[in-house]
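The letters A, B, C and D name the chains in turn, as written, and every chain counts its residues from 1.
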C-alpha cells in the first residue's frame, strides 16, 4: 500500500506540467474539434507522446508502450490545466482496427482518426434490439462487390458529424443469432443513409436514428470475417466499459453540491446546517469515497496487469447510480430553486443538476441497463447459473 | 366516504362493551388455552354470538350470517378490554371442512375445534419444497383401509401440542405435480410421527419438523378426492393471507417507538429531538398511515362483498416490511441499548424490538417470500406474463 | 363506515378524465408546452363547462360547493393527464384563502369570478415556507414591497394573492403600479410559476388573515394536498404505461415483463403507489370531517407522495429502457411534473418537520 | 502508487483465516456461545501463538509493530469467522490509548503483557459518545465514581481502561475495591460487554490524556475502524454463504440462483459490499500515512459499513429462505454480529455527524 508515485512518474508529471505551461496557449478551446488549431494541437501531442500513445508510429501514433499510470497522470494534468486532452482517434474503433483490421484498413483509417481528420459513430443498437443486442435485424446481402444494407440503428451519437460508422449488420440470416452478424465500416456519405436526431427527455438531441435503404458498402469494408461481427464488437465493448461511472467525477460533483449547501440558505439557515440534508449528504459521501477508493484499487490492478474482477464489474452500476443521487441531492437541497431549467432567471449552476439528474438516469439505462449489469455480475463474477433456455416464444 | 359506524353497529359495539364489562372477570388470561375456564369462556362467547359466529349451530357454532363490520368491532372491543377474543376453531381448517369436508368429518371435527377441545397444526412446507410447494415429496400409498405416509414436513408451528394435522401428501406420483396431491387429516397420536422443534434465529422454537415413518392414516381422513389436495389447500391459503402484515399492528408498534424516542435521551437530548432520527420516524409514519388507510379501504370493499384487488394483494408484502422497519428504527434510536437481549440488565421493552426485528424478517420470508409476492402481484394483478416454461432442468 | 369513493365522486373523476382524454391528450400537451403556454383557452373553456374551477367554492358564491376530496380527485386526474390547466392555486388555494380570511366584499367580488373561471388568481406563499435571503414581501399602509418567488399559476393570472412576511394575504391586481412579473422556467412545462416583484404596489389585505395564521396555513395545506394528489395521478399514469410497455416490448424472444427483474419493478411500483391513494383520500376527507388530523395527514401525503412519486418516475422510465429517455413517448412530461410537485410548497424533508410539528413533536416554527 | 495489499499482508490474513478455520469453525463458535463464554482458552492460545494480540504494539514493547491496516485485516478475518476472540478493545483500543496517553511506566507495565496476550484490557468510552442520563464516570483524587456502560470485552478482562467525563483515561484493576461488573447480554453472543460501576475505586490516570482529548479520540477512531472491518468480514461471509446456497438449493426444478430475483439480490449485495473493502483499506492506511484524513475516513467506514452490513445481513438471510431464519446453518451468528457492530461506539446517524465535524461542516461537539 503506497499512494505515492515513484520518482519516475513524478518526473513525468513535472515534464507534462511544464509542457502544458509552455504550450497551453496553442491549445484549442474545450469542445473545439476539427479546426486547424485542433489538428495542429493533436499533432503536437502525438509528437510529444501525449496522444495516441500506444498507436504504432507507422499508423500515425506515438508508438509507446502502454503505461496506465502515465495515462492517468496525463489525464489529471490536462484536466487540472483545463486543456483539452489529446485523443487516440476513437477508443472504440482504433484498438479494434489495430487488432483485427486488415493492413489496408489500418493504413486507411488509423492515421486520419488519430490526427482528428475523421470521426466515427457507432451503429449497434436498434429499435427492436436493446438489451438483446444480438437479435439485431439490420441486414446486408452481397451484390457484386458490395454489401447492400437495409434497416435502422438507434442511439447513434455523433451521426450528424461523423464521416464513418462502425456497424453491426446481419449477413448470415440462417445462422444462430450470434453467428450471423458482420462488422462493417460504412461511410456516412454513402447514398441511402438518413440521419434523424432523437430528442431526449432533457430537451437536447445527443443521439440519432440512422436509416439504411439499399445502402451499398464495399465488401472490403468488413472487419474480421463474415459472421464474426459479434466477437469483433465485444473487443470494442471491452474498451468502452470503463468509461461510465467514473468515481472521481462523482466526487467532483459532490464537492459542488457541498458548495451549494454552504452557499444557499433557507429561512436564514445554511442548508449544510439543516441536519436531515447534512445527514443525507454524509451518507452519500461515504458511498462516493468507497467507489473512489475502489477505483484506485482497480487502477492498481491494471498497472500490474491483473484483472480487478468484481471491483471493476460494479463500477458502471454503482457509478451511474451515485451520480444520479448526487444530482438528486443537489435538486432537493435547492428546493423550489431545484426545478428551474433552461435559461430561467435564478438558475443555479446553469441548471446542470436537473440536466444531470436526467442524463444520469439515461446512463443507468444506457450501455446495458442496471438489470443487465446485475445479470452479468451474478453470472460472470459470482458464478450463479444462467436462466434456463425456454421452450418456445411466449 | 363515511368513517362513522351506522346506528346498528354503534348499538352492537355498546352491547359488546357492556358484555365485556359484566363478564371480563370470567375470561381466561391472555395466552391461556385449553383450560376449563378457557373452554367455558369460549362456550359463553359462542352462545352470545361472539365466537365461531358463522359456523352453523348444528356443528357447534353461533350460526350467524357473516358480518365483517361486527367481526371488526368484536376484535377492537376485545383488544381494547384486553380480553382474549373467542376463536372459530381454526381459521385455516374449519372453513375448509365446512366447505369441502364430508358430513362425518364436519360432525367429528368442527364442534371440538370451535369448543377448543382439539387444536390443529399445518403440514404443508417441506425441506425441499418452500416457494415451490407443489413439488412436495411426502408420499402416501394405500394399503388396505389406510394411507401409509412417509416423508417430512417443516415450519409446523404448534406440532408439539396439536391433536391433529391437516396435511398435503403426494398420493398420485405419476400425475403432474399439482394433480398428484391429496389433503389428509392426521392424528398427531398416530404411531410413526416424530416432532422435532426447529430452533430459530431469535433463540426460540416456534416451529417444528415433523417426520412420518410408515404412519397409517384411515382413507376416510381425506378431504376432497385423491389428487385434489392442491385445490383444497388453496381454499385455506385464501383464508390465511389476510393475517400477515396487519396495518393496525404496525401503527401500534410505531406508537411505542415514539414513546421510546420521547423517553430516552442521548447526551441529555431526547431522541425525538435529534433531527435525523425524527426525520426517519416521520417518513416511516407516513408509510404506516398509508397502509392503515389502505386497510380501511380493503375492509370497506369486503363489507360490500367486493374484491379489493391490488389494495389487498400488497398487504403482506408492505405490512411485514413496515413492521421490520419499525423494529429497526427502535433498535437504532436505542443505539447500544438496542442490542441488549434475553434477560439482560437495562433491557428496554423486554427486548421485544430485537426479537421482532428477527421475527418480522422471518415473516417477510415465510408464508410466501417477498419474491413470490412480487411475482403474484405482477402476474395476477398487473397481468404481466409468466416466465416461459423451460426446456429441461439445469 | 365506508372508506370508498361514492358514485358521484367516481362519476366526477370519470367525466374529468374523459374530457382530458379527448381534449388534452399527449399531443395537445406537447403543443401547449412547445408554445410556452401553460393554459390553452379551449381546454380551459371545457374545464369551465365542467365547473372544475368552482369545485370548492360554495354554491352561494356560484360554485359547486364540493369538498377537498372532490378537489383532490380532480387534481389526481389532471396529474394523470399532465394537463396544463391551472387548478391548485386559482381553484383551491385562492378560494381557501378568501373563504378563511377574506372580507364579505372580497368574497363577493372574487369567488363567483373564480368559480366561473372568468378570472384566475395566482398564489405566492413560498417565503412562508422556505424563504431565501433577499426575498419576501412586506406590507405597509396598503402598499407592498419586495419580491415573491415561485408564485403559482402566475403567468395566466389576472391578479395575485401574496402572503407577506407576517403571514397576511394581499390581493394585488395584475396591472397594479410597481408590479413586475418575471417568468421562471422549470422542468415542468405544463405549469407556470413566476417571480413577482413589488415596489410600493397598492394591495388589498384579506382582513381575516391579519394577526391570524390560520388562513395562511389552511391555504398551504390545501396546496400541498393538491400537489400530492397530482403526483398520485402522474405516478399512476407512469406505472400504467410501464406495465403496458412491459407486456408489449419483446427482447430475447419474450415480453420483457416476463423477466422477473422487470416484473418486480412493476410490482414494487404498484405496491408503493396503491396505499398512497388511501392516504390522499384520508387526508382530503379529514379537512372537513376530522380537522384535528388534517394538517398531519396532508403533510404525510405530500412528503410520502414526493418519495413514492420519485421512485415510480425513475422506475417506470427504467422499465421503458432507452425509449423512456427519449421524447418519443413523452414519458418525461410525467417525470418532470412529479419532480415539480416534489419541491413546490416544500420538499419532503421540510414537510416531515411540519408533520412532526403537527403532532407536537417539534416545537419551533419555521422561518 | 499501489493501492493493494502487499504479500506480507495477504499472508497475515491467510494465516489468521487458516487458524480460525481449523480451530474456530461454526461448531466451535456455537459451543463457546452456548457456554456463555466469549473467550475460549485454546482459541486464544492459538491467537497468541500467531501474535494477534501484539499486532499494533511496537516491537520495543514486545509487539509485532504493524499498523492499522494489518489490524483491520485481522478484524475482518475475525468477523468472517464470527470468532469469539477479544481483539478490538484489548489489542487495538487499549494499546492506542496507552501509546497516546500512557506514562512510560504504564506503557512498560501494560504493553508487553497485552502484546503477549498474558493480560487483557477492557475499554469503556460509551459515555464520551452517547451518554445516558445517570451514567458516566467521574474522577477525583485518584478515585473513580459512577458507572460505565457497554465496556467492551469486559467479562474476560484483567483490568479496565475507562474514560471519565472529562475524556481522560483511567486504568482500573479488575479486583479493585468498590468495582462491580455486571454482564450485559446482547444479541451477539460472540462478544462481551458489561456495565462497570465504581464507588471510590482507586484508579491510575493516563497522564497524557488529561486535558488532551486526542488519546480518547484516537482510541474511539481505532475501535470504530475495527468494528467496520469486522462487519466487512461478517458481511462477506454472509454473501458467500448466500451465493453458495443459491447455487445449490433447487426450487421449480432449477437452482434458485438462476432466478433473476435471487441473482440480483446476490449481485446487489456484491456491488454494495465490494467498494467497502477499499474504504476500510484506505481508512486504515490513512491513520499513519495521511493522518489529516483519518478521522473522516474512519467515520465513513463505520457508518457506511453499518448500512451495507445491515443490507447484506438481511438480504443474505432472505436468499436462504426459511433456512436462514433457523438456527440450522447458524447464519444468525453473522446477522447478530453485524447488528452489534452497527450500534457499538455509535450508530450510523451519530457517526455521520462526526464525519461532518471532521471536515468542519458541523461546529458543535457531542455531549
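Things worth noting here:
Note that in this section a residue touches a chain if its C-beta (ideal position, glycine included) is under 8 Å from a C-beta of that chain, and two chains touch if they have at least 3 such contacts.
Please read these numbers as outputs of a predicted model, since none were measured by experiment.
With centres computed as the average of Cα coordinates, no chain lies farther from chain D than C.
Looking at C-D and A-C, the interface holding more C-beta pairs in contact is that of A-C.
Between the CA-based centres of chain C and chain D the separation comes to 51 Å, rounded to the whole angstrom.
If you average the Cα atoms of chain B and of chain C, the two centres end up 42 Å apart. In chain A, the positions touching at least two other chains are 274-276, 279, 371, 374-375, 385-388, 390, 393-394. Counting partner chains per residue, chain D shows two or more touched chains at residues 254-255, 258-262, 264, 348-349, 352-353. On the chain B side of its complex with chain C, the touching residues are 1-6, 9, 69, 258, 272-273, 275, 278-279, 282-283, 285-287, 289-291, 293-294, 296-297, 299-301, 303-304, 310-311, 314, 317-318, 371, 373-375, 377-379, 381-388. Residues 274-276, 279, 385-394 of chain B are the ones touching chain A in the complex.
Of all residues in chain C, those touching chain A in their complex are 126, 130-133, 149-150, 182-188, 195, 250-256, 258-259, 261-262, 310, 314, 317-318, 321-322, 324-328, 331-332, 335-336, 339-340, 342-344, 346-350, 352-353, 366-367. Every residue of chain B that touches chain D in the complex is listed here, in rising order: 125, 128-132, 135, 154-155, 198-201, 207, 264-268, 274, 276-277, 280, 328, 331-332, 334-346, 354, 357-358, 361-362, 364-366, 369-371, 374, 390, 393-394.
Residues of chain C that touch chain D in their complex: 259-261, 264.
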